[in-house]
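Just passing along the structure, written as structure tokens.
For clarity, chains are labelled A, B, C, D and E in written order, and residue numbers in each chain start from 1.
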Amino acid sequence: MIVVENLHRHFGGFHAVDGASLTIETGSITGLIGPNGAGKTTLFNVIAGRLPPTSGRVTMAGEDISGLPPHVLFHKGLLRTFQIAHEFGSMTVRENLMMVPPGQSGETLWNTWFGRKRIAGEERALRAKADEVLEFLTISHLADQKASQISGGQKKLVELGRTMMVDAKIVFLDEVGAGVNRTLLNTIGDAILRLNRERGYTFCVIEHDMDFIARLCNPVIVMAEGKVLAQGTVDEVKNDERVIEAYLGTGLKNKVKDEAAHG
Amino acid sequence: MSARLRPVLLFGAVALLYLATAYVYGWNLTLAIVNMGLIGAIMALGVNMQWGYAGLFNIGIMGFVALGGLAAVLVSIPPVPEAWAAGGMGILLGLLIGAATIAGAVLMWKKLPPGKLRGLVIVAFLIVGFWLYGRIFSPAVSAVEAVNPAGTGFLGGMGLPVLFAWPAGGLLAAGAAWIIGKTALGLRSDYLAIATLGISEIIIAILKNEDWLNRGVKNVIGIPRPWPVPYEVELQQDQGFLAWAADWGASAATASSIIVKLSYAGLFLAVLLLLITLVELSWRSPWGRMMRAIRDNEVSAAAMGKDVTRRHLQIFVLGSAVVGVAGAMMTTLDGQLTPGSYQPLRFTFLIWVMVIVGGSGNNWGSLLGGMLIWWLWIMVEPMGIWLMQMITAGMADGYWLKKHLIDSAAHMRMLTMGIILLLVLRFSPRGLLPEK
Amino acid sequence: MAEPFLIGENMTGGYGGADILHGCTLAVERGEIAVIVGPNGAGKSTAMKAVFGMLNLREGAVRFDGEDITRLSPQDRVVKGMGFVPQTHNIFTSMSVEENLEMGAFIRRDDFRDTMAQVYDLFPILKEKRNQPAGELSGGQRQQVAVGRALMTRPKVLMLDEPTAGVSPIVMDELFDRIIEIARTGISILMVEQNARQALEIADKGYVLVQGANRFTDTGKALMADPEVRRSFLGG
Amino acid sequence: MDILNAFVALLNFVVIPGATYGAQLALGALGVTLVYGILRFSNFAHGDTMAFGTAATILVTWGLTAAGITFGPLPTALLALPFGIAATIALLLGTDRLVYRFYRRVKAAPVIFVMVSMGVMFVMNGLNRFIIGVGDINFVDGERFLITAKGFRDATGLAEPLALRMTQVITLVTAAIAVALLFWFLNRTRTGKSMRAFSDNEDLALLSGINPDHVVRVTWMIVAALATTAGVLYGLDKSFKAFTYFQLLLPIFASAVVGGLGNPVGAIAGGFVIAFSEVTVTYAWKKVATYLLPESLAPEGLMQLMGTDYKFAVSFAILVVVLLIRPTGIFKGKSV
Amino acid sequence: GEVIPMGISIGYTGPLESMAPGMTAAAEMAFKEVSDSGLLLDGSTITTHKADTTCIDAAAATAAMERIVTSDKVRGIVGGMCSGETTATLQNVAMPNGVVMIAPSATSPALSTIEANDLFYRTSPSDARQGVVMAEVLQERGFKTVAVTYTNNDYGKGLADAFQAAFEAIGGKVTINAPHEDGKADYSAEVGALAAAGGDLLVLAGYVDQGGSGIIRGSLDSGAFDKFLFPDGMVGTPLETNFGTQIDGSFGTNPASEGEGRDKFMELAKAAGFDGNSAFAAESYDAAALMMLAMAKAKSSDPAVYKKEILNIANGEGEKIYPGELAKALEILNNGGTVDYEGATSVTFVNGRESAGSYRETEMKDGKLTVVKYR
């Protein structure tokens, strides 16, 4: 369980996160939505240790984790993806996945000289695991491609694939869906559900695709201007006036015009 | 050119250069270039670890080379008992007090509760500490430097075999790198570069001005040779050797210096191959994968649980240590430590040229770059003269331009170097052996 | 029918290695909206780049307004009246939002203040942030800057590579609205979209690209109605 | 106690020389920072570009003086400066065409550019020695001093001298004007903005219709003007020697970096930081203290914080400290 | 006769590159004189091979020397230039290969004691001696307190220390003895410190076309000092061209001897088209001449053989030989006679290997360096 208490993050005079308090229950798939610039990514960045909070507190299972560096949080089981894909460009797609698991004995210099056998064994297992993930994401054919040379959507998939390489406790997904083909996104949604049910992962998902949110998330938290605007089930949120005004819109306008144009 | 064939061809080409040199100028010169080339290659290897593996832009190489050189003096030169008697203990005590003062201040900063009082206490502590340091250190230094200033005037070293200086040079450089890394590795790209450059200048300033340590700019000469390497003069007096040389039809002088150089070459090659092997093994394992990930994208690597700071420090220290080893080897080969000769152009930028021309991120590239660039650095001199002769060949004797050109020939070394560097980079813009 | 306003015909080529595009054809008429959909890595972005001259084509041609522009450099195509928003790296991160927009109007010699006002109108948040470096914006805001920059060009044809990725629903609706409006003023729109259902709804023509080749081509409505297309490419 | 003398001593040996040197470094650093800001690499050939520009200017100066043309109280070299700049522009444009353009086309990494510029540096180095030789050349003429040490002493009756040179004033004024112009140009003009856009995202600049060749050309032209001016002013104040210009590269880079790479204002600030840290930290306060303190307290030693042996060490240490506090320089520079 | 290859190894590039042309020209002049005479070893001629020592990079110097020694097979070398690089090349190349090296300008005291197997000589004196001379000059002129700055290398430091010891021994006071680095852009800090320390005059143990000039410039411009004592590295024409009357009343010392030798050398140099006054040119001439005369005496161009005769030529009995008279000397030697080579710098070796050092005292008068006397 992650609890965010009265969190602030300021950039100069600008309050990107402005006193947000929220809870992500263990075992849930929590949706985080809100207009552009609401502070969602900033909130993720603070929770995941990329940015220090200006004030406020983040706890994970009761332990204060505010301001801890990202790699420490990773080892505590907290993973995240980036909204703008952060691939390792000069490495192959498979290597991008294989580098993830922690505690590889081959990461110790001594072992790279005198523990070759053990490393070889581990590597085989890692490789199999990576291939399995790639298979799942429908990008097996890219395994040996340099990560800088794949399409924008494929990069997002690799981004997601990395989180599937380890047994995480909680995963923060920042717009995995943006730029991903909707058919594939459905499959990814299935996977998230499965990971959640079968392996007990907790998810916190930022997404602008309401269908995706609706299918996966409960509860949904709506942010606006750095604060939590609303919280509840998808349906509750969807019908909240404030949410409609700030975020969803009526969606009618263009339909009307569309009809006028073609009709 | 296929990826497999390319290295073979390029190494072959460089080997040919050396063979041609041997053909034209003889083996003596060639081996001399080989030896310095090997040392250059080791330095390039160290830099490549930092840059090619971790993207750390270190242009303070010179400082680590010099520290290696210092190690050679401290390890191999016999101690100067008179100097030790005059002030050795004072110097040690002074340094100890200095170090304790700094450590104490840091400790206080951490342990004492923040506030005005803390600042005052620390300042007072520092003043007292440094006053005490000065009181003990300065007179001891004067006493030591007064001992036969023209000949010694320093504490000397430990009088151990100079081979020990090689690892010692690595350790010394590693130690310095650790301190530098702890403070400056938060910086990026050119900012890190200029910081390392600054620190290397500081190291050189110390070597130039702390006479009690290494005679400063008065230089230390006569560093003994390492174990299997004989002295030419002795060989030339050895009857067995003379007979053997005569068998080969070589003059005693030539044969002896070739033997000496070959022994050095053997040592250097052994060190180089050992280092390359170790580095390659690591590079091709998960450790290397992790380092590449960090280099490609630190933010993401940190999010994937890699401790970026620690890894940067690790590779910075290791790379610097390799450079330090090479520095000690070079001082051993030269037989002297001359702090005044440490110039960034020669010991930092030339090494960088080796790394980049060889191909950053490729260890064999470092070797290739080291051997090629060093060869050029030496051979551009005759090449420049030759170039000028070619240009002026058609001109009438006594024509002013001809005279001007021929007179400038000796200055054309840089020009030739530049042109060749540009040509190499033109046809291989990612280095001769690019990282795959 | 006469030659389309802009057409990339039978395009074949790639990034130097194996071909990515295999005889792919994209076309758009004056004042119409053409939408390209397809799985990730199908070559949609590559095809867009090819149309814009950022890729060397081995075969095929690009014609614009009746003129063969296959050999023209991207910046010459801009002068001819083409505008492009790439999928990634589509803003000047170190420049302020306003400067980004100014750069969009770089080739314009006339007064572009009213265009800028229109962009601010469309994306009010940008006006608020106009003096902030664009690199400090949120993902969706950046996307708005990118589209805004292209609008500033006042192009004859506007090419958009996933303009709505990361954009919130309300802004997305605005954006599509605006795209229709733009098209109605006679500007042609060629865009790649993963929010395919909304996009195809407003599209005059739709392309489904798979592995660098045209798989389906039809009106937007027809593609939406095709169950096979829906299932495989539009997420059911 | 003699406050006036102490003040004059400080002015004469710290403030004036520090300010001059700072302005000289700043002018050089402006060129470096501009190349970094627009073309995104550290240009190692800058010192030698300065030397080339100065050499060309000197040759023209000689020609002018031989023809009997001088510039009244001002150095004739200032008249020759435009010609020197023109020659340097030609050189840099030629270099770009022959060398750098290729690497831009293949989108080489910045470090490759750095190495290439090192090659260019070697070539220019040879070229300069060839054109003007290796010796020390003094080419200042006209009125050297605005205030001479002796004149000042005679006029004021103070014990301490004060000297102010024409070149010092010109350098300071030029540096101020140059940075203002550059700042205005980059942030306010269309061309300036397009140059920044190009440096930020080359592909996108292309998509906005910005002509990269034009951007590059303008950049090199400004760099040539800056380099030549900096070189000539420095040469007028000290003297010209090809080797020294190469050595100048280090403090110039240091200035550009502490100031914040890519930022013209930073270059100026950096120049002064480096210059003053060299001049002040090792300053011996003995004289000033002697003036200020009663006789009985007159200091024995030099009252130096550090010997001048460590002048560079100290200025670099300050540089490192500044960077530790502000990792991308005082004015938040770029980093590639 | 044969063709005898000889080497000139000095720093053509690097911080002292501007001294190189004069030194080279002088050495080549001596070689040419001998070749033209046709009297050396039955009409042998000399070819020269140059090596660029860079003055500062021992490794590059070693490699360059290696080239001319092992591949061009030079039989003797005029060089090195700077003390550090000279030590390295001597130990790493000349000695192993048994080649004679006569250094015209390496003046560090440390070279006095180096073990060299008779292969190393220098036509300049050790700086230990110059320090004493400088102190004497100051004493005679009545200067009691001086500031000292030196170029931070073995030469500068050795000289400055030697001077300070000598000067304090005769009751003088040195207010500050601080180094300066060569080739830097600005010397305000050094000048500031020197000015603060004060003194009647500034002793400037530097290089005239390096930091030395910068220090003068800074001192004059700020009014810190207007009188200087210039040791050998500073006495050169740039003083006249760059400072002229501004430093009138300053004076200098440098290894040189009075009279015939010097005058003749100056004439020869003028005829050959270079400045004979340029630093260490005369010493280079002598270095070259000594080796060739020794060959003639030993009747061999083998360094192992002729090295033993160098001392006999320099300190020999018999007719005194001055520049331009090499042909005469060769004739005498070919006929079995002996000569005493005086050359351009009154060469007489002490310690078995270095010039004893007669020094010239010059003063700046009306913007010109004028010789006051020799000592």
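The rule is simple: contacts are C-beta pairs under 8 Å (C-beta built on N, C-alpha and C of every residue); 3 or more make two chains touch, one makes a residue touch a chain.
Keep in mind that what you see is a predicted model, and the values were worked out from it rather than measured.
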Keeping to the contact definition above, tell me which chains border both chain B and chain E. D
If I rank D-E and C-D by number of C-beta contact pairs, which comes first? D-E
Chain whose average C-alpha position is farthest from chain A's own: E
Where the centres are mean C-alpha positions, what is the separation of chain C from chain E, in Å? 76
List the centre-to-centre spacing of chain A and chain C in whole Å, with centres computed as mean CA coordinates. 27
Please work out the Cα centroid separation of chain A and chain B, and write it as a whole number of Å. 46
Return the residues of chain B touching two or more other chains; collapse runs of consecutive numbers into ranges. 208-209, 411, 413-414
Check each residue of chain D and list the ones that touch at least two other chains. 129, 134, 307, 309, 312
Let me make sure I understand the interfaces: which chain pairs count as touching? A-B, A-C, B-D, B-E, C-D, D-E
Residue ranges of chain C touching chain A (in the complex, touch as defined): 15, 38-42, 44-46, 87-88, 125, 136-141, 143-144, 162, 165-174, 176-177, 180, 184, 194-197, 201-202, 231-236
Given the complex with chain B, which residues does chain E contribute to the contact? 12-13, 17, 20-21, 24, 50-52, 56-60, 62-64, 66-67, 69-71, 83-85, 87-88, 91-92, 95-98, 108-110, 112-114, 117, 128, 152-154, 156-158, 161, 179
What residues of chain D sit close enough to touch chain C in their complex? 190, 193-194, 196-197, 199-201, 203-212, 334
Of chain A, residues touching chain C in the complex: 11, 33-38, 40-42, 83-84, 138-139, 142, 149-154, 156-157, 175, 178-186, 208-211, 246-251, 253-254, 257-258, 261
Note which residues of chain B are touching chain D in the complex, please. 51, 57, 183-184, 186-191, 193-195, 197-199, 201-202, 205-206, 208-209, 344, 349, 352-353, 356-357, 360, 404, 408, 411-419, 421-422, 425-426, 429-430
